[in-house]
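Encoded as structure tokens, the structure appears first; notes follow it.
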Amino acid sequence: MSFWFTVIRQVGRNLRQTWGSQLMTLFTVTLSVLIFAFFYLIYSNMLHFGDKLGDDLRLIVYLEEEPGPELQQQLRKKIEQFDQVESIRFVSRIDAYERFAEQLGDNRGVLDDMPKDFLPPSIEVIPLKTLSSLNQVKLFSSYLRKLAGATKVQYGQEWVERFYNFTRLISIIVALSGILLIMTTIFMVAYTIRLTILGRQDELELLKLVGATNNYIRTPFFLEGLLQGVLGSTFGIASLYILFQWIQNHFSGPGFLNMFEFSFFSPSVSLAIICVSVLLCTLGSYSTMHKFLRI
Amino acid sequence: MTALGAKPPGMLLPDHCDEDTHNIYRRRFCNQELHHNVTRMNKKSVSRQQEAMIEMIKVSKYYPVNVVALQDVSVSISTGELFFIIGKSGAGKTTLLKLVSSMELPSNGLIEIAGKPTSKLKGVKLARLRQRIGVAYQDFKLLADRTAAENIAISMEVSYKKPQIIRKRVRELLEQLDLTDKHGTITGELSRGEQQRVALARAIANSPTMILVDEPTGNLDAATTERVMNLLHKCNKSGATIVIATHDETIYKNSPHRVMELKHGAVHSLTGGLLI
Amino acid sequence: MSFWFTVIRQVGRNLRQTWGSQLMTLFTVTLSVLIFAFFYLIYSNMLHFGDKLGDDLRLIVYLEEEPGPELQQQLRKKIEQFDQVESIRFVSRIDAYERFAEQLGDNRGVLDDMPKDFLPPSIEVIPLKTLSSLNQVKLFSSYLRKLAGATKVQYGQEWVERFYNFTRLISIIVALSGILLIMTTIFMVAYTIRLTILGRQDELELLKLVGATNNYIRTPFFLEGLLQGVLGSTFGIASLYILFQWIQNHFSGPGFLNMFEFSFFSPSVSLAIICVSVLLCTLGSYSTMHKFLRI
Amino acid sequence: MTALGAKPPGMLLPDHCDEDTHNIYRRRFCNQELHHNVTRMNKKSVSRQQEAMIEMIKVSKYYPVNVVALQDVSVSISTGELFFIIGKSGAGKTTLLKLVSSMELPSNGLIEIAGKPTSKLKGVKLARLRQRIGVAYQDFKLLADRTAAENIAISMEVSYKKPQIIRKRVRELLEQLDLTDKHGTITGELSRGEQQRVALARAIANSPTMILVDEPTGNLDAATTERVMNLLHKCNKSGATIVIATHDETIYKNSPHRVMELKHGAVHSLTGGLLI
């Protein structure tokens, strides 16, 4: 009991006397958590982007002849052999004609005199959303091309390609920035803690010399690390949330963020981030001090 | 000076030292006495029959690149003794005190404190030992951004003394060292002599059983020196073993205590000791 | 002369004796320049992305009647009233028919019996590449819709919208990360310099007390800051260049980076970055020390 | 002790001080003498006709919250004088030296060094003045991670002495202070008394015209104390004004020099001065 009393008094005193550097460390931790969580948020939301962008991806396989029900079954099987797909739809000549007519709108009259089967039949394949790399789409397309009776495969190549490349680029950028930032962050927190402890080395040494036990010396640091971790990460997450809200309010123009539906961390993820940073802070300050105490 | 056991039981202890110093001392060390009595038979200095608080046997200390700070020093300091170490600057006085307080380990030889070899102490046991040794370092080792009172309190806080007891003792000590008005001044703003007294106060605050003082009067005038020495004598009378390293003739010349002179790290002479 | 001799010896000695913290500062500066340049590189290349994405943007205005040469002139004027455009092309009924026939390919035979004017005439407007925001495109489109004789305006709304939104999102992300990082960076460099000088405050104070002039004390710091700025920023830019090369070699899959043609800073921009960071470093260490020297 | 002008021109200067100390001194200060002679007429202590190197008039120094470190101190110290300041711990000795070396500014009163008020000095002029004042601080202010030689060299480097001259002088001083074997030891590893001597060596290395020493023998034994005092006397003989703050009776008791005793920040007595 008198141990904890002394330790807590010690912590209080330290906070009062070294609030400058304590605040610095707190700021560092906050910034680090903010940066980390920010990139994690972008990363986790980028997965959604992928989905959204893949939504409209459909491969259209033009066929020579309209397949009968049996052949349809066979084709379906073959397609599914390559990969699970979201849906397969057979479009007959008539269906294609109707669609075309619809597209012409007011001018559909011009088709009146035409035979209803002048457009080729086709299969519309909507792949699973997991099919996210451009190469896979290409592979799939060339696989479909080789189906018996297929004349041509279309999937809006240009746009799709552009989109996939773009996503890929973005993920590289996010990954690189993330790595850079996390390096910086780790470096910063480690350095700040190191310096805070270095600045009080005289005191630590003296405490050893007057016979303080290791626990007596370490526990206050441990508690300070804990406190800093809790406060820092909470502030970090909180400021990210405020930033997030601000962006959502400020940039949710018509159809903009509805499309890329951004979502914040679930409470449990937030909690996990806080826990991890508390752990890291505590361990960090504990181990740094451990090292310095071996005088 | 008498050995602990022979002390008159009713003797009034001076009020500046805790009344129970004596008892604490007995409780702490009595279990080691047996072991000590057995091992002592093989030692060089068997002549004296008192409990040896500090026992050094052929202790040497070398620092990297050819510095011989101590060379084959053997000495036995009894419990309750007041012992002076003198010698030229660089003779090895401070090094000896550092070895006794186990701030540093000897390169060679054996050091026993109250019958226990210090080289094997570690962790909590070492901390406990240090709590019972008060050291006033030659460079003071004060925390410059804390007040005088806080600096003195540190040595009591580590052994979990109660705040009101600490406060009382600090005020007592400051008064005895003529520093009453410096209670709340940060030590970085004190004069050098005031700092020296604060360092001394910290050393004796926790009523340690052994007090090591390194040049306690280097920055003090004659009057203040006397004040300091009186305080140390009082502590000594209430049972503490005291080792003083000094160059100040006035404090050891006419004293009845033993004086060891070091020269180039070796014992040059060991004189005095009338009362023992 | 003896001044410079003393100062340079001083610098050499400082570098030898405090290489630990000197290295730390150098690392900080390098990392900061790397981070800054990285984001600047992304930002400057993002402008290109915009161009590329806008490349294929064309608005097609369907007309009721084929305009005569005079009317064409009028329309052209009206369109250019809204904004400068890249090009305007009038597509007559016949042109539209030919295109359609071409698109049908092998099946063009089906059109043989049809009147060649069953498709509506149109104007193809390719806007300037500066027309980069979605809103502007929309405004332009609704402006075109109101032209005399226009029935409908098409520009692949869905895809364009998606693209613009995406670019916008990315720029927000880049801007936010950039701000976060530049904050972190400034904080880091300032803190590191501060601490380096704080760690040598004893020495500075002593120098003052033995009668060193301000120049004697400051010049070595000034030179150290200069050296650190030069080395740090050069390393930073160099490592970014290596990173850049690595990405280009590693990710230049077929048509990937050809599309978003990434380019590194021109030598003069690199030099400018180096100069600015040298300036900042020097000023930073000079002013920090200036502050601390007022003892 | 004679004033500078009266010195026999052919007199051999001791080899530990630069031969040109005297001339440097004259060159530096002669342009200020005129002004000084005029202003001195209005001052209190007009009795003595020598050049006053340090002139303090009703100087007080207060520290925040009721600390009176110095109170109305007036004293005039002649060029080439050796002057002792004594007093109890906390009397204000160090404060007085700090004011003279313009490390701190007085709260009240006027301080003139060689006829120039220090309060108006700034920048390069202040730096130049400090180069000509050698101070051995009570807490040494050594750079603990530099060698003894480097520490001593600092005071010469700031006035752009040539490396070979610096090296020679450092070796000379170390020899005279019995520290030859500590040339390359970092000062953090020296004994306290050795540090004190290094601090002193740094103070006199640059052959300053004024030397302020604060408790120069606090950590030194009798023999080393004598060595140090001899060195200071030599410097004094070659023309330097020296002010020593001390509590060590042995070094001022039988000396022919003036001794000022401070008490609670005020001048308590001013005795001695047989030769002047």
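For clarity, chains are labelled A, B, C and D in written order, and residue numbers in each chain start from 1.
One rule holds in what follows: a residue touches a chain if its C-beta (ideal position, glycine included) is under 8 Å from a C-beta of that chain, and two chains touch if they have at least 3 such contacts.
For clarity, every value in this text was computed on a predicted model and none was experimentally measured.
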> Which chain's centre, taken as the mean of its Cα atoms, is farthest from the centre of subunit D?
Replying inline: A
> Cα centroid separation between subunit B and subunit C, in whole Å?
Replying inline: 70
> When the C-alpha atoms of subunit B and subunit D are each averaged to a single point, how far apart are the two points in Å?
Replying inline: 36
> If you average the CA atoms of subunit A and of subunit C, how many Å lie between those two points?
Replying inline: 23
> For subunit A and subunit B, what's the span in angstrom between their mean Cα positions?
Replying inline: 64
>> Which label fits the chain touch graph of this model best, line, ring, star, complete or other?
In response: ring
>> By the document's touch rule, what are all the touching chain pairs in this structure?
In response: A-B, A-C, B-D, C-D
> Considering the complex alone, what residue numbers of subunit B touch subunit D?
Replying inline: 63, 67, 86-90, 94, 138-139, 185, 189, 191-194, 196-197, 215, 218-224, 247, 249
> Across the complex, what residues on subunit B touch subunit A?
Replying inline: 101, 103, 123-124, 127-133, 135, 137, 141, 143, 145-146, 154-155, 157-160, 162, 202, 206
> Which residues, counting only subunit A, touch subunit B once they are in their complex?
Replying inline: 2-3, 6, 17, 202-203, 205-214, 216
> Any idea which subunit A residues touch subunit C in the complex?
Replying inline: 24, 27, 31, 34-35, 38-39, 42, 49, 53, 56, 106-107, 109-111, 113-115, 118-120, 135, 158-159, 161-162, 165-166, 168-170, 172-174, 176-177, 180-181, 183-185, 187-188, 191-192, 195, 243, 247, 251, 255-256, 259-260
